[in-house]
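To start, the structure itself, in structure tokens.
When the chains are written out, they are named A, B, C and D in that same order, and each has its own residue count from 1.
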Amino acid sequence: MTDLPISAELIAESNARELAALEDDYASLGRKLERTGIDIEAIKSRIASFSVAVPSWGAGRGGTRFAKFPIPGEPTSIHEKLEDCAVIQQLSRVTPRVSPHFPWDKVSDYRGLREEAASLGLSFDAVNSNTFQDQANQAHSYATGSLSSTIEATRMQAIEHNIECIEIGRQLGSKELTVWVGDGTNFPGQQDLARSLDRYLEAAAEVYTALPEDWRMLLEHKMFEPAFYSTVISDWGSSILAAQELGPKAKCLVDLGHHAPNVNIEQIVARLHRFGKLGGFHFNDSKYGDDDLDSGSINPHQLFLVFNELIEAELNPREGFNPSYMIDQSHNVTDPIESMLSSAEAITQCFAKALLVDREALHFAQEANDTMMAFQALRRAYNTDVAPIVSQARLEAGGAVDVLRTYRESRYRSRKSQERKAVGLGAGIV
Amino acid sequence: MTDLPISAELIAESNARELAALEDDYASLGRKLERTGIDIEAIKSRIASFSVAVPSWGAGRGGTRFAKFPIPGEPTSIHEKLEDCAVIQQLSRVTPRVSPHFPWDKVSDYRGLREEAASLGLSFDAVNSNTFQDQANQAHSYATGSLSSTIEATRMQAIEHNIECIEIGRQLGSKELTVWVGDGTNFPGQQDLARSLDRYLEAAAEVYTALPEDWRMLLEHKMFEPAFYSTVISDWGSSILAAQELGPKAKCLVDLGHHAPNVNIEQIVARLHRFGKLGGFHFNDSKYGDDDLDSGSINPHQLFLVFNELIEAELNPREGFNPSYMIDQSHNVTDPIESMLSSAEAITQCFAKALLVDREALHFAQEANDTMMAFQALRRAYNTDVAPIVSQARLEAGGAVDVLRTYRESRYRSRKSQERKAVGLGAGIV
Amino acid sequence: MTDLPISAELIAESNARELAALEDDYASLGRKLERTGIDIEAIKSRIASFSVAVPSWGAGRGGTRFAKFPIPGEPTSIHEKLEDCAVIQQLSRVTPRVSPHFPWDKVSDYRGLREEAASLGLSFDAVNSNTFQDQANQAHSYATGSLSSTIEATRMQAIEHNIECIEIGRQLGSKELTVWVGDGTNFPGQQDLARSLDRYLEAAAEVYTALPEDWRMLLEHKMFEPAFYSTVISDWGSSILAAQELGPKAKCLVDLGHHAPNVNIEQIVARLHRFGKLGGFHFNDSKYGDDDLDSGSINPHQLFLVFNELIEAELNPREGFNPSYMIDQSHNVTDPIESMLSSAEAITQCFAKALLVDREALHFAQEANDTMMAFQALRRAYNTDVAPIVSQARLEAGGAVDVLRTYRESRYRSRKSQERKAVGLGAGIV
Amino acid sequence: MTDLPISAELIAESNARELAALEDDYASLGRKLERTGIDIEAIKSRIASFSVAVPSWGAGRGGTRFAKFPIPGEPTSIHEKLEDCAVIQQLSRVTPRVSPHFPWDKVSDYRGLREEAASLGLSFDAVNSNTFQDQANQAHSYATGSLSSTIEATRMQAIEHNIECIEIGRQLGSKELTVWVGDGTNFPGQQDLARSLDRYLEAAAEVYTALPEDWRMLLEHKMFEPAFYSTVISDWGSSILAAQELGPKAKCLVDLGHHAPNVNIEQIVARLHRFGKLGGFHFNDSKYGDDDLDSGSINPHQLFLVFNELIEAELNPREGFNPSYMIDQSHNVTDPIESMLSSAEAITQCFAKALLVDREALHFAQEANDTMMAFQALRRAYNTDVAPIVSQARLEAGGAVDVLRTYRESRYRSRKSQERKAVGLGAGIV
């Protein structure tokens, strides 16, 4: 893999400076865990097989409707984005897959793109369709909806775009189509709330029909934005009912920022699993709405509780339990590579903490209604500093012990700012 | 019906003073509606057949966990509560049914109670079970749950109580059982989120089995309170999936204050109807949580939009569409009779406004994506002052034109404060 | 005023078709009000002196970070925007002032622009500065803040821009500077929460110093967006404390969509007035966040309650009570002219309803703790259909009785779509 | 101190079993911290001087308006509550003060009560007045308000009660009066929003005047409950403006559950400090409203961020910075002693984590707008497992290393359930 963007020597040198400390911390944590009957090597082994996809669009700076502030060296093509994703994977060793978005990532040769990715140590994850924006020379506007549009030609165009995404995905080696539509309204009365869903379901069924046998269709709900009064697939209730109607290959995708205030997201995870429809996650964090902040930066405990449900789900599998994990963030104020490195680590740490929960003690306390001990079973795991295990697993996989410091030492972004063309001013996400 | 609590003469005198104004307003509104092709008599006729139940417990002052402030003349038995409900029905003529709550309303002779109600012009609506409180001499506590308890004996007790409620309801002439459980947790980890639902579903199925053929079981979800971390049936998604599992007689009940902040409740109504599970409503209003404020007092426009969906649903019926309407409020700072009189009027007015929507114009604009005209179709109806139609319908049905003034003139509460025993200090809802 | 964009004949013809109905409705309402001791002519006279400014940028379609969907005939310069605002004023007769935004509305000759506006029947309202976006060729980026930036040169640039806005405003005849900064953070720790405010206050004081004696500086707070973890002036508490530090010319501006969920905005209005700092409003509506929906479209009752507080404030004036009213909406799915026509009417109607409140009855009931009658005093006014008064006042001022129909009959937008250049695809607000 | 409720031998035995593990963990953490230049002994020394008060009422089970589920052995008098608080202090060594509530904790001999507390190793913290409930034989009801009541006699009674609380507090050795009023409304129009505040301010000034020179008056705001439309002191803005009007001895108290959804509480802490009015905290946690859950149980990261602001405030002191810390929770589903032991530990751990933040690195990154490194400075500290330092400090102070296990081994509650009278069924908080 001679194409990797960061020099192996630099990683090795960076790691060398961390080894003594890591060894001490790992050994200390090992003794601590051993006292409670946990084998740190077994945990490390589980972590070594964990991974989360990164979104191609996440490699660029995001923005709001007010402004986007680009940084020098930002990627402006799928090729540059793949290169940045390769940096993230090379250092973190938990992000081997990239999720593309079309038409943003359109190229003429998808088999070539797949090889390009492979040479960077990457493969492709779920394909994302885009019917929330109009593209230049597009026949029909999505101004008033896409899959749920009142206009048949618009619905057909949206269906065809999704089917094209599936076709591209086949060439890229993907097995999933993620469908998020911004369809909705800004005024009471603007659309018939019932008929909009009927149209959506009918159109989504056309896409579903085009899905290969071994594919899944992930439905992503969102409470609001871009629509500010109603959204067709606004909550997990709408999402799961739609997935039920579509069929067994349709599953629900949970984005952590797409819910009403105060909602208990980990219970939604448990509910979706209970009814056989948990498809996957878009990881990020939020304080107010779909803020798309770095995973775990605002409420790391919630992220831990989500993983706690996932471990429970794994122990009580329903048919087809195989959730997809992806980071989906808008990096408005940081270097996107740094944010994804930091987020991948935060996500992996929450997974590691969930693995540490003494489930026997937890279940015993739950059955006995010993509330305090049930809570403490979770809290003990959450309070554990799992950085040594996660770092050790990364080291053994060839990554960097201190991902951020190693990245900065590589001066990757500075080099790219010399090579790449500048991004203009504007607003929005692309 | 010589038992009615308010003298017919007093009502007649009170009405006499309003007649001239009402006649003028009704005629003016009739001309205005006629100009848009609406026959005011047809609207009045629809209103004349509208009704909403009142809850027996709503006749007493409610309270918070901090305090309850009783008023002189409050009812302290189901007999006194029925008398108060009779006042509401006598004046408003839209609340002919009372929804009882057990064990609060337990008596030794239910056939006698039914006759007592009939003599007051009342019949019984949905029966409410209570497994969120412990009663003196109860074998098993609901401290850690009821239908979802980890303790089999507790679940059995809760099932049996619900079945007893059905049995009582049969004697009272009811056809519905409303099941709300406060089951949930205050700590992450306290209960297994998946197994709790399984236990709930299993226990609820036992109750469902005991339901007579022509009965319905209404599942009421609630986001939080009394549980503050998770609630077993916390949202409409959980509710509808539970109703699907239970069977066709299980439907979902929407309480307007039981949702997450900002949630689009009217869309939930449309979704429940779309999937054949809209069972009924608990009308009230809220600004923060389950505030149980007077219907329409905070957001009357939302109440109108809910009725707009109900009219749409009626025009596009699904199997079994027959929603039950009930007021469910906590009257902490008003005379409960006044609040229910005012609320019944507010609810009826929203129903009337929804009837006035020019649906042809609305649907045409929706299909044409003429957002502004679709919105205006609703807004024109909402802006109409429908008081004359509602008052006229009430007058013709034998009620009072000005319900609040007539009630005050009756000095009913003052008389009851002489007759009835005082309520002690305390907190909470009963 | 021969420059007005809509032909007077067309307005007259349109009005002619409405006159009989309006006359009947106005007379009916007059009789109804007279029965409660209200003189409809006095109310009409108050309405005749009411006005609300429109924002220049509101004349174009708005968008979200995901997309903007332009319409044919959208304005692309301040000159075209003024023309559109003239249509709104010509038909509604309540929007005689336009609020400009710089640098968006920059021209070389401001006195000429002022004359241009005057020839269209318009003058200029509060000037808005913009330090939340970077402009091409700008020396210092606002990527990490403007008035609160850690970088002195950036703060100086932001101060100078605000002072330039004052200078432009002087030439335009404005008397107010509205300052909204998007400054804030997306990560815990990103900035020092205390020092950020200190820097903001120091920089704002520089702007304040440059304010002419008879000007006011309106501070606009906002909970979130574009910053998603913290915002320097995030709530009314921060806003009023800043205004106190700056001095008597500094006041607080309330945008109806800039608050936390569930917040009682009308009480904030009362609080700001109580402490002498109520400066003005940005009217719009919201369901979720800063949705910038049409005023009163989601929660018209809240808008009425705000006006109720304004009438109370007027009756209990504090020094300097003189609130500025402006519409501030993002018209993502409608013709902006139609939205502003409809919104101006909704705002005026809420003002009219607040005028109808029987304040003697209200205050008497409040003092007597007669909760129900206090509530009914507001509710009676709110339920009144005030369209006839507002339409009659508009007719007498030379406007259109049915503003939307008249606008459509004018085919103004269609004509402009022939004349004006098309707007490209993109995202965001400009 | 022979009166302490838990045997010293039992504590010693329990600790003996933990010593080896603690020693290893403490040494490991010491090495880890040393590598980043932090002296673990210095941190331990800071922790040793940290303390937080417990509320007398927190020793009993709390409840909701729906129900309260008592546990055997609950305290029913201030004497029993003190004994339970002594257990908490004996084991945790960070809760040496008890905050009393009147009239709940009324006794005939306060000097005797103070001695009783002292013999249990306790002293008294802020005195809490209660004007949100009516007491038997109370002359005037608080049904329609207390300090803000429209009724002068009611206001006078509320003022006198507060002054009596000060007098009791003097005898108990307290230096603070905490004033929380539930005053507010359930209906728009119910009270005049401006005059209510005027009355509150006037009455509070009377209380303020009675305050001894070295006392402080802590104003506690709350968004809603028991009032569900408006609350007189609903937010920090109202609270700080009231405190400004009252004078320098008036400060603001922050309860973590009394805010609107999504609000950034740590920024409020920074704001209150910036304007010299940060008085103290009521620690608890919440997911939905004023849930009064165990501190840090829902969002431990937020609790850490609050302490981070407190450390910053300490480094940048304003006049009179001396915040009071108290736990204020409703223990509905746990043994209150266990919850307060667990909460005191969670609070102390957040304080410890905030001490570990590398402030030089943080401030450098903040000034340089190096967002990622500023965030990481906080995150590194948050991720550290500080249990060894907190446990070691507790051990050295004479407490239990594992507070919950030691408490359970003591069988304290079981013994009390033999001795104490049972609590009856009911609802609410007392």
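Definition applied: contacts are C-beta pairs under 8 Å (C-beta built on N, C-alpha and C of every residue); 3 or more make two chains touch, one makes a residue touch a chain.
On a predicted model such as this, the values are computed, not experimentally measured, just so you know.
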Superposing rotation of chain B relative to chain C, computed on C-alpha atoms, to nearest 5°: 180
Chain of greatest Cα-centre distance to chain D: C
Inter-centroid spacing, chain D versus chain B (mean Cα positions, whole Å): 39
Chain C and chain D: spacing of chain centres that average the CA atoms, whole Å: 43
Residue list for chain D, restricted to those that touch at least two other chains: 144, 185-188, 190, 223-224, 229, 261-262, 264, 287-288, 294, 297-298, 301, 333-334, 371-372, 375, 379
Chain A residues within the chain C interface of the complex: 62-67, 69, 132-136, 141-144, 182, 185-188, 190, 223-226, 228-229, 261, 286-289, 291-294, 297-298, 330, 332-334, 425-430
Complex contacts: residues of chain D adjacent to chain A: 21, 24-25, 28, 31-32, 35, 261-262, 264, 287-288, 294, 297-302, 333-335, 338-339, 342, 349, 371-373, 375-376, 379, 382-385, 387, 404
Chain C residues within the chain D interface of the complex: 144, 150-151, 185-195, 197-198, 223-224, 229-230, 234-238, 240-241, 259-264, 266-268, 270-271, 273-275, 301, 305, 308-309, 312-313, 316, 362-363, 365-369, 371-372, 374-375, 377-379
